[in-house]
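Each of the next two complexes has chain A plus one more chain, namely chain B in the first and chain C in the second.
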Partner chain A sequence: MDTDRTSAQGTYEEYETAYEDGNTLGGPLSEIFAVDLTAAVGRCAGCGATGPLARLRVYDRAPGLVARCPDCSRVVLRLVRGPDTAWLDLQGAASLAIPLGGRG
Partner chain B sequence: MFDVPGWPAHLAGQHVDVRLTAEDGYSTQRSYSVASAPDGDRVELTIQRVADGEVSPYLMDVMEPGDRVELRGPIGGWFVWRPEQAEPVLLVGGGSGIVPLMSMVRTRGAVGGHAPFRLLYSVREPDDRLYAPELLRGEPGLDTEYLYTRAAPPEHPRPVGRLTAEDLVRGGWPADRRPMCYVCGPTGFVENAATLLTALGHDPDRIRTERFGPSGG
Partner chain C sequence: MAIISRGFHGRRPAPGRNLPPGQYEVHDFPVLSAGPTPHVTHDEWEFTLTTETSARHTWDWAELMALPAETPTVDLHCVTKWSKFGTHWEGVSLDTLLADVETAADFALVHSYGGYTTNLPLADLLDGQAWIAHRYDGEELAPEHGGPARLLVPHLYLWKSAKWVRGIELLLDDEPGFWEGLGYHSYGDPWREQRYQGD
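For the complex of A and B:
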């Protein structure tokens, strides 16, 4: 919507906005985990910032999803889904505190 | 509107993943927010057509009542409003970003909630307003304000343009009331709104965002 699309730097801004919030990881991760992980608080292994996975910046990079720290841009999580296997790489997360119990 | 047998009651703000699979096995999926308040097996989605999009035109133009799609959800535990939350709420929506905010408004209405809500809804022009009659009717404790970015109705007091700090000061809550702020829409819109709210002193933990990507209206 908004004016962004019609501005002179349209292409640059489109590149800059080619991501979504970590909320969008909820669906793909629900195939692997029984509890909602988007509210889980993680610590970035790069800069130490903490926050819910919902706050990461998610880039759709076929064949998978890449989630970066909103503060330092380091890759925190990578998820690649094959026909029979899902690969989850959490190398960029120093820790993850997962709320249990209670729905969603 | 979808009937989803066995649908568990969702939380306001959650979304579903819609998967389409072609006969040759190619499949693709997109996320759509739930617009309705929890209501048995019925789930309402509101989809804005992106002209050259892959999925939204199909859902809008090709699908017919009675067709089946694959839905996964409800999804998400962070961008949600729960009726037990008592603090004031600021909703900031751009374009189709109104959808999950509408679920919050409707859920509050359905449970007779008392948390004061303020809604700032940015659209290009009057024709783009979703849920206009329902929002016009309004509800006690809900203040709605439209922000037009290209064309406003003649009597509208605010000049057209994108969301500003002044809009958030006038139509929102002071940071010291510790409101919960939900911001949703195209990524550029959310980026701008979240930056302005942070600059106004709102606690980053109380600014919850849902970016729809470059598209999403």
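For the complex of A and C:
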């Protein structure tokens, strides 16, 4: 796995233990949405890469969940769970295609 | 001799120390991060103060090191509920960095390498309350704790003490940072338990 990245703002070393895969989003998002969003295909608003949310890199040792694009590392989705409110930011997701299962 | 357990790492602080409401004491130094850890060399590092008139004041690493350093010992309070007492830092006071900066701003937006931001009133950066910290516990500040340098503003929740700091924008109007724009409190006073908006 490519673990180093160089950007205009310096060199980043990726600690493999620093993030979880996007399946980590499943539980917290199931509290808000009726469908399993980890299988939804999202498009990164930063680089245009597409893939299931399960492929995102989720930084969960933080005040909230921060899900980043595995290709460009930009933030695709953020979720903060307060005592009685959840805040969801999808600014970094240009679109989401959500599988709804077969029609009955 | 029986092995004696080092025991329960208690949730009560040592005598004489106070925990803000809802916090527990830790003895390690948890690493929290919203993204990959930037690795910025001293040669690349730069810190820029930008005023509301777009005037820029920039320090490179050598210039920061040439400024008088202070050695604050402070308690840290993270919004994820851990607190760490008596941490030893070395850094340059924001009073020093702001001494020759003309501004009418009331607010500051802190920027980090890696894109993180956090906001706070400019007054909270002054009067011996905040530093650009570059050493922790007698050693260079490790990247996972924000090295080469981080903001240290310990009277507010630790998310305000931006790791990998690269600049501060001085603003006439308050502008929410990375967590403040997603439910977290704009000010973040641990003693008033200002974790979320509305607290």
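We take it that the second predicted complex is superposed on the first by the 84 of 104 C-alpha atoms of A that agree within 3 Å, B and C clash if a C-alpha of one lies under 4 Å from a C-alpha of the other, contacts with A are read in each partner's own complex, and residues count from 1 in each chain.
Definition applied: a residue touches a chain if its C-beta (ideal position, glycine included) is under 8 Å from a C-beta of that chain, and two chains touch if they have at least 3 such contacts.
Nothing here was measured: the structure is a model prediction, and the numbers come from that model.
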First, second, both or neither for A:R61, with chain B first and chain C second: second
Partner chain(s) touched by A:P83 [first = chain B, second = chain C, both, neither]: second
Which superposed partner A:A18 touches (first chain B, second chain C, both, neither): both
Which superposed partner A:A39 touches (first chain B, second chain C, both, neither): first
First (chain B), second (chain C), both or neither touched by A:G27: first
Touched partner set for A:D71, first chain B, second chain C, both or neither: neither
Intersection of the chain A residues that touch chain B with those that touch chain C: 13-14, 18
Touching residues (chain side chain A, partner chain B) in the complex: 1-4, 13-14, 16-24, 26-27, 30, 36, 38-39, 52-55, 99, 103-104
Complex contacts: residues of chain A adjacent to chain C: 5, 9-15, 18, 59, 61-64, 66, 68, 73, 75, 78, 80, 82-83, 85, 87, 89
Touching residues (chain side chain C, partner chain A) in the complex: 30-41, 44, 79-80, 113-115, 143-144, 159, 166, 179, 181-184, 195-196
Chain A contact footprint on chain B (complex, rising order): 8, 10-11, 14-17, 29, 31, 72-80, 94-96, 122-124, 128, 149-150, 161-162, 185-191, 208-214, 217
